[in-house]
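The structures come next, written out as structure tokens.
Common to both upcoming complexes is chain A, partnered first by chain B, then by chain C.
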Partner chain A sequence: MAGAFQERYRPGDSRIHRLDPRIKTVTALLLILGIVLTPEHAWPAYPLIWALLGSMAEIGGIRAWRLGRMAALVLPFTLAAVALPFTMPGRTVFEILGLAASDTGLARFGAVVLKSWLSAQAALLLTTTTPFTDLLWALSSLRVPPTLVTILGFTYRYLHTLKEEAERLIRARDSRSGTLPGQKSGGSLWWRAQVAGAMIGNLFIRSYERSERVYLAMRARGYTGEMKGFSRAAPTINAMLSGALPVLVLVLIEVIAVILWSS
Partner chain B sequence: MFVSHLAMHIPDGFLSVPVSLFGWALAIGLIAIALGQTKKVLGERQVPLMGILAAFIFAAQMINFPVAGGTSGHLIGGMLAAILLGPWGAVLVMTSVVALQALLFQDGGLLVLGFNIFNMGIVSAFAGYGVYSLLGKVTGHSRAGNLFNAAVGAWVSVEAAAVAVTLQLVVSGTSPLSVAFPAMVGVHALIGIGEALITVGALAFIQQARPDLVGRPNQMAKRGAGWIAVGLVIALVIVGFSPLADPNPDGLERVAEDQGFIDTAQGSSYEILPDYTVPFIEDSALTTIAAGVIGVLIVAGIGYSVGRLNHRNDQQMEHM
Partner chain C sequence: MSHHTIEVADLSFTYPDGHQALNKVTLGVEPNEKAALVGPNGSGKSTLLLHLNGVLRSHEGSVCVGGLPLNDDNLGQIRAWVGLVFQNPDDQLFSPRVYQDVAFGPLHMGLDEKTIEARVSAALEAVGMGGYAQRTSYHLSLGEKKRIAIASVLSMEPKILVLDEPSAGLDPRARRNLIRLLQSLEYQTMLISTHDMRLVAELCSRTIVLDSGSVVANGPTADILYDAVLMERHGLETP
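Our next item is the complex of A and B:
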């Protein structure tokens, strides 16, 4: 699970890093929307979109192929769509184990895989170039309820604290669980689950009590239920134009795709 | 479990745009209610408590236990959060967990985040908590009874979320119902057992160490008096989806038709809603929806009256 807490953000000073986080968030969402709306059979559109995202990655100081490889983390989910070629009606392309794969099914499957891979790249472009606190601030200025944003901020603040608390519990379990080579270790499945459950119960109580201490400390410093932050100026025209550029390129690709390749 | 991570967090591209936007509308409405409800109970403690407990769920998901053949189980957490914080509190905590998974670690997409929050936060919390509290009315609140109900609730919470994911994939046309449904429900039946075991373990520990956090009919849960309504809404939405899902009949019937033995099938001797349709409505999609709605209402009615009956018994006991 070590990789599970690996944040995506990579510090840098590129044009994309410096862009207003509000603009970046909106641009990323629009790009994903555009990618998902691509007509299914518009095959030439996919490499064009990839080129767009790849060149943005290079501007942001990430190698295009690295971004593509990072985005491959969505590929295991394609298992959910793998039955499509064999269940959609259409002309049979090939047969495996007596199952016929249809052309329409294969096309749908290919489009889903490509779209999710490209969308993941657009999202990664946002998260690798934006510190999480900036992202939260962008969310709050995009009308996400301020209480929810503050809760997200708290979760982020205590994520690593509680992760280390959990690691201490796991280390303690490991040191209690000595085994002899060749001997069967541990009890039944029920017993193992109860041990893990008790550790989680323990962690819950520690977290709950920590939240009380944190709350009292906040009260002592004058917290009244509202978080205060600095307001920032409206985004500049320049920033808006930089954010709009990739969206316009994508719109152009989509328009061509609809006119030329969608049939 | 490793598999559950893959199967539950839908990436972008797998849901169509209208479906994704519908998910956002559902999630935004319900999160707004959850914010209001928890604020009423917790006041200014809301932010630190919800925030830190969401971080707790993250950390708790790291604590795994070996199952068999190199696989290991870990907590998903919707049910545990719902028991400890009430369903609305659980909705907020799980929303925070799922949103952070998407924004920090790219677990699940951004455009589909609405439905990811809905599935893992709202459906699992309410389905699990609904079962847990309905059973609680039958078994009472003994320690063992609580643990048993929590186990059943945890299993249901995982299955309900899996069913919701399946329906969204099917409606978007990215997964055929006849394959996705049995696969998802089957895999999550196993994952649900792991969730049940570990939820019971955690709850047993907390009951022992801090009975005040579980034992009392807790304040947060009382606030959720409207949970029955919300549970119903969720069930109705899922029902509403089902007939639009796939024009093909379900797997078993399809096989039966292909093999030509559908004629030999016999109806049960009594049918309130034959073939899940209401006889006097013509349009087939509409009748399936109507039948589903009636079914949900009947089940809810039974649940409610059982609850009322038990409640009255409790009151009589108090007067004696």
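Our next item is the complex of A and C:
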């Protein structure tokens, strides 16, 4: 649980950290778009894209292999595409349980996995170098509907509430889980299951009520449904160029991919 | 256990965000002694207490309870000996009903039903919450929660009581009863973190002052509590 809910932002003072959040957001979106549009069979393009993301990570003070490992979090979701090799027509490569895997299907599946992994790296690079509030602000100044931004903000806020409440409950239970020498302790399996069940119910009610209190506290301080942030100057030309650079490199890779490797 | 002591030696602890909360803390509490732990906000009192039954673990320095070093093998035994009352009662109560919370410790230790029932009602009586067994924990008032939290530890009949600000949020009568209750527990070792200097004066024979994660004074309450200069220097006041 700790892994999935962790605060992603890592404070730092790199070039990428200092870049205007609006530019970073647009760059990340364009990179993801580019990755998704990579021709399926252009295998040599993938390591190149990875090298691009990896070097950006290093500039941002994150080890490239760590970013890759963090992004592996999305791999289980690519299982949704696992039926592809068996449903697409093509030359049979191997068979399991009477199901034939086709070459085109396997290639498509491989491309889905690689693209998901690379896109996740682009997104993680954005969230590890940008505080979440800056990200929300960037989204709203890029004209994302305010309701959507607010929902995102609350979801993030309350994920932490939920995680904290869960940790507190578990800590409370462990702290009183004493054992006596020569005495069978820990209670029956049934009792332990009951305790765990009650804790989950408790977790829900407590998180719900705590989020209510957070909301009331925000109302009490004048919250009207709109997040206000500090206004910032328009991004400089220099910042725009820094944001455009990786996109241009990606476009270059894509052009080469289309010309050389897409047949 | 022949002697229920607390011995902390050279304990340092840094939170994951890099904040060092304890810096080479060394202190000991004798069997049946009642010691107070005082110090300004953020001095590391709660952090230290959370180490005493292994809620927090540090690799620097050592914690020994009842003569046993705190490690994975002894953790269960130490948790049966040390009753820890958290500063925030919401950190302590995790069951839907008061009864279940107070019965959890004894049930986990594998005691028989008769004993458990007797202990639960005795513990609830002791904190003046006799009629609350069937109430839901999360809708109680702060002071009520605090008293239930204390009961949930008393029901384990721990040899060592570690209390984090036990009197905070209690009304004057409940506070008075708490002091009386703790005084009556003659055969329990106690380490009490508190800002309530009158409680210290009435209950504790020894006072330990913590500031910025280090022990800055440790001696008889009579000497420390009335040393106005020392108290002032560490953001405290004489009772």
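By definition in this document, the second predicted complex is superposed on the first by the 173 of 263 C-alpha atoms of A that agree within 3 Å, B and C clash if a C-alpha of one lies under 4 Å from a C-alpha of the other, contacts with A are read in each partner's own complex, and residues count from 1 in each chain.
Everything that follows uses one rule, which is that a residue touches a chain if its C-beta (ideal position, glycine included) is under 8 Å from a C-beta of that chain, and two chains touch if they have at least 3 such contacts.
Every value quoted in this text rests on a predicted model; they were computed, and no experiment measured them.
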{"item": "Partner chain in contact with A:R168 - chain B first, chain C second, else both or neither", "value": "second"}
{"item": "Touching partner for A:L33 - first (chain B), second (chain C), both, neither", "value": "first"}
{"item": "First, second, both or neither for A:M199, with chain B first and chain C second", "value": "both"}
{"item": "Residue contacts with chain A in the superposition, chain B compared against chain C", "value": "B"}
{"item": "Contacts of A:G178 with chain B and chain C, given as first, second, both or neither", "value": "second"}
{"item": "Which superposed partner A:T147 touches (first chain B, second chain C, both, neither)", "value": "first"}
{"item": "Touched partner set for A:V214, first chain B, second chain C, both or neither", "value": "first"}
{"item": "Touched partner set for A:V74, first chain B, second chain C, both or neither", "value": "first"}
{"item": "Chain B versus chain C as contact partner of A:Y223, first or second or both or neither", "value": "first"}
{"item": "First (chain B), second (chain C), both or neither touched by A:L97", "value": "neither"}
{"item": "Shared contact residues on chain A - chain B and chain C", "value": "169, 186, 195, 198-199, 201-202, 205"}
{"item": "Complex contact set, residues of chain A against chain C", "value": "168-169, 171-181, 183-187, 191, 195, 198-199, 201-202, 205-206, 209"}
{"item": "Sites on chain A touched by chain B in the complex", "value": "1, 4-8, 28-29, 32-33, 35-37, 70, 73-74, 76-77, 79-81, 83-84, 87-88, 108, 112-120, 123-124, 127, 132, 135, 145, 147-148, 150-159, 161-163, 165-167, 169-170, 186, 189-190, 192-205, 207-208, 210-211, 214-215, 218-219, 223-225, 227"}
{"item": "Contact footprint of chain A on chain C as seen in their complex", "value": "53, 55, 76-81, 83-84, 86, 90-96, 100, 104-105, 107-111, 138, 152-153, 156, 158"}
{"item": "Complex contact set, residues of chain B against chain A", "value": "6-7, 9-14, 16-17, 20, 31-32, 35, 39, 43-56, 58-68, 73-75, 80, 84, 92, 95-97, 99-100, 102-106, 109-111, 169, 173-176, 178-180, 194, 197-206, 209-210, 213"}
